[in-house]
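I've put the structures underneath this note.
Two complexes are shown next, each including subunit A; its partner changes from subunit B in the first to subunit C in the second.
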Partner chain A sequence: MIELSEAAKAYLLAFADDEHMIGSRHANWIGLGPFLEEDLAFCSIAQDELGHALALYDMFVPTGEIDRFALLREPADYRSCALAELECPTWDLALVRHWLYDSAEALRWSALVGSEVDDLGALATQALRDEAFHAQHAEMFVERVVGDRAARSRIERALAEVLPVASSVWTPPDGEETAVAEGVVTRSSASLAMVWADQIRTQLDGLGLAVDPQLAQGLDELPPASTRHHRINQFDRFHTSLGEVISLDPSAIW
Partner chain B sequence: MRTYEVFLKRPGKDEFRHAGSLQAVDSEMAKILARDSYCRRGEGDQMWLVDRTHIVEVDPDLLATTVDLPHRNNDGSAVAARRKRLREQAS
Partner chain C sequence: MTHSWTNLDDFQTYIDGGGIVEPNDRMPEEFRSEVFRFIEFHANSELMGGLTERDWIPRAPGVRLKQIFLAKTQDEIGHAHLLYQVAADMGVKSRTEMLEDLFEGRSRFHNVFHYKAVTWADQIAIAYLVDAAAFASQRAVFAECTYGPYKRVLKRIVAEEGFHMRHGEEMLLRLTEGTDIQRTMFQEALDRWWWPAVQLFGPDSDPDDPLLRWKIKSQPNEQLRHAYIQKYVPLLQSYGFTIPDPNLHFDESADDGKGAWVTSEIDWEPLIATMRQGGPDSRRRISNAAANYADTAWVRAALEATAVPA
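Moving on, here comes the complex of A and B:
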C-alpha cells in the first residue's frame, strides 16, 4: 500500500465506491440478460467494474481488510453517487444507466492517466482499455434498439427516469480541490462534466431521442459534494444483499 | 437476429478453429458480443466471424458417393501384401 494524502484517499474512495456499486448492480443481471450473448457481455462488464473497484480499494485499504471494507461499512460511510447506486429493475433502465455511467467513467479514468500517485496512472491506462469496450457496447446497443419504435419509447421513458440523477456521477469527492492541486487527478469533476454533458447531448440529438430539454440542459449541473454522504432510498436493501454471504461468518478467510 | 460462426486462432502456427456460434443483430454488434462469449480469457488473438447465411453448404449426397469407392482409399496394404507374396515366391 502506498502513502496517500487524505485528499487522495477521499478521491479514490468515491471512485472505488462508484465502481463497486455499479459493478454489483450490473451483476444483478447475471442469467437475466435479454439474450445469452448479451448476458455474458453485460456480466463481463460488471466484473470489469468490480475489478476496478478492487484495484482502487487496494491502493488505500490494507490487504486482508478489503472485503469487510467494501461490504460491511455502515451505509453512511460509503461515498458512491446516486447514479451508481440506482436500482434499475428493467433492462431499459439498466441499459440507459450503463450508457450514461460508462461514458462518464471513461472520462474519469482519462483524468487519472497523468496522476502523480504511484501506480494510479498505469491502472488508469489499463482501465481505459476496458472502458473503450464498455462505452462501445452501450452506445452500439442503444443505437440499435432505438430503431424499433416500441423500444425507442421505452428508452425515452428510461431516460426520463435516469437523467435526473445522471449528473450525480460528477459529484466532487470530498477535498477534490486539494486532490487536483496535489496532482492526484489532472481535471476537476466540473470540467469533466462539461465534456460529458456535451457528448451525451450530441448523442441524444444524433439518435433523435426525445428528452425534456431541461433535463438535457442540466446534465453538467453538479450536486454539492455533501450528497456523496447520503445514500439513495433503496440502498439499505441493496447493502444487505451485498453483505449477505460475508455476514454468515465475517471471520472466515476466503 | 443473425447467427455468426466464430473461428479463433491461438498465437503461433495453429490454424483457425471453429469455436462456436452466436446471435447478434449485425456484424458490428457481433464483434462486441463475440469478445465476451468466446475470448474473455485470451483463448485466441485472432477471430473470424462468418454470417451463417454466407456459408456454402455441400449436399451430403454429393459427399456420400466417395464412401463406395474403396480403391480411392488405398492405404498401401494391398501393394505391401503383393510385394511380400512376390518376395516369398522368389526366395
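Moving on, here comes the complex of A and C:
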C-alpha cells in the first residue's frame, strides 16, 4: 500500500466502490444471460470490473482487510453512485446500464493514465484495454438489437428508466478539486461528463432512439457530491447479500 | 475420409480396433442416438450445475472469491456451450431444441443439480465432492471415447474440471483449518452432499451397456464409484469429518485381500426421483431457468431478426 493523501483516498474509494458494485451487479447475470455466448462474455466483463475494484482497493486498504472493507461497511460508508447500484433485473435494463456505465468508465480511466500517484497510471493503462472491449461489446449489442422494432421499444423504455440516474456516475468524489490539484487525476468529473454526454447524445441520435429530450440534455448535469453518501432504495437487500457469509464469523478466513 | 459400416458387427470391429467415429461418418443410428443422448445429458448437467453454483456467488465472502467462483461457473457454462455444439452437430436436435427440452423438463441432467446449495459450505462441498466425482467420470470417458468431437472437447473440459477439483480441495482446507463455525458448516454440508455425490456415478452398469461396448465409457459405473469412495472416505476422515453412513467400515478382505471401504447399501430412490424431475430442488431449478429463458427471448428474437445473411 502506498502513501496517499486524503483526497486521493476519497477519489479512489468512489471509483473502487463503483467498480465493485457494477462488477457484482453484472455477476448476478451468470447463468441467466440471454444466450450462452453472451453469458460467457458478460461474466468476463463482471470479472474484469471486480478486478479493477480489487486493484483500486489495494491502493488504500491494508493487505488482508480488503474483503471486510469491501463487504462489511455500513451502507452510508460506501461511496458508489446510483448508476452502479441499480439492480437492473431485466436484460434491457442491464444492457443499457452496461452501455452508459462502461462508456463513462473508459473516460474515468483515461483521466488517470497521467496520474502522479505511483502505479495508478499503469493500472489505468491496463484497465483501458479491458474497457475498450467492454464499450465495444455494449455498443455493438445495442446497435444490433435496436434494428428490431420490438427490441428497440424495450431499449427506449429502459433508457427512460436508467437515464435519470445515469449522470450519477459523474458525481464528484469528496475533495475532487484537491485530487485534481494534487495530480491524482488529470480531469474533473464535470469536464469528463461533458465529453461523455456528447458521446451518448451522438450515439442516441445515430441510432434514432427516442428519448425524452430533457433527459438527454441533462446528461452532463452533475448531482452534488453529497449524493455519494446516500444509497438507493435497492441497496439494502444487495448489501445484506454482500455480507451474508463473511459476517457469519468475522474471525474466519474463507 | 468418410467411414461407413455394413452392420453393427462391422462397426464393433472398427471400434475394437481403436477406430474413432467422426460426424460425417455414416454411423449406425443406434450409436448416434445413444451418444447424442449421453452428450446432451452431459451438456444439460454442465448448464444446470452452473445454475446450482450461481445462487451463492452474490454472497461470496470476498471480492477475489467472487471472481474465482464466477470464473469456475463460467467454465461450466462454457462446457455446456461446447457440448451443445458437439451434440447439435450430430443432427438429432438443435441447441434451441435441447434447451427447450431441458427447460420443459423433458430431458435429464445429473442428480446432484436437483439439490439446493443451502449454505456457503455447500458451495465448497460441490466444489470438493461433486467436481471430483464429475472429474472422475469425465476422465473415464475421455480415456477411450470413440466419438471424435466429444473426445476433443473433453480434453479441455477434463483439464478445467481437474483445476476445479484442486480449487475445491483448497477451499475445503481453509474450512478444515478454520473456526468451529466453518467446520460445523462443512460437516452439515457433507451430510447433505455425500450420498448424492456417490449416487452421481449411477447404479451398476448393465454388462451389455452399449456405451461401454462402443468405448464411449471406459469403465463401468461401479468401478468408478468404488474408486471414488476409496479415495474420499479416508481423506474426509483425515480432516476430522464424519461420513454420514453408520455402516461404513473398512473390510480387510475386500478387493482380493487389499482391503476396501464398504458403504451401506446405496438407496437409489433419490437418484431415480431426480431422473423424473422429482428431486428436492428440481421444480424450482427448472422453472427458474425456464422463466429466465422466456424473459430473454426478445433478445434472441432481435438478433435473429437482424442477422446478416451468410
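Throughout what follows, the second predicted complex is superposed on the first by the 253 of 254 C-alpha atoms of A that agree within 3 Å, B and C clash if a C-alpha of one lies under 4 Å from a C-alpha of the other, contacts with A are read in each partner's own complex, and residues count from 1 in each chain.
Keep in mind that, in the parts below, a residue touches a chain if its C-beta (ideal position, glycine included) is under 8 Å from a C-beta of that chain, and two chains touch if they have at least 3 such contacts.
Just so it is clear, the model here is predicted, and its values are computed rather than measured.
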- request: Figure out whether A:154 sits in contact with subunit B (first) or subunit C (second), or with both, or with neither.
  value: second
Query: Which holds for A:40: it touches subunit B only (first), subunit C only (second), both, or neither?
result: both
- request: Report for A:76: first if it touches subunit B alone, second if subunit C alone, otherwise both or neither.
  value: neither
- request: Using the touch definition from the top, say if A:133 reaches subunit B (first), subunit C (second), both or neither.
  value: first
Query: Which partner, once the models are overlaid, touches more of subunit A's residues, subunit C or subunit B?
result: C
Field: Residues on subunit A lying within both footprints (that of subunit B and that of subunit C)
entry: 35-38, 40, 44, 144
Task: Note which residues of subunit B are touching subunit A in the complex, please.
output: 1, 22-26, 28-29, 32-33, 35-37, 40
Field: Residues of subunit C defined as touching subunit A within the complex
entry: 47, 50-51, 54, 56-67, 70-71, 73-74, 77-78, 80-81, 84, 120, 174, 178-179, 181-182, 185, 292, 295-296, 298-303, 305-306
Interface residues, subunit A side, partner subunit C - complex: 20, 23-24, 27-28, 30-40, 43-44, 46-47, 50-51, 53-54, 57, 66-67, 70-71, 90-92, 144-145, 147-148, 150-151, 154, 238, 241-242, 244-246, 248-249, 251-254
Message: Quick check on the complex: what are the subunit A residues that touch subunit B?
response: 35-38, 40-41, 44, 133, 136-137, 140-141, 144
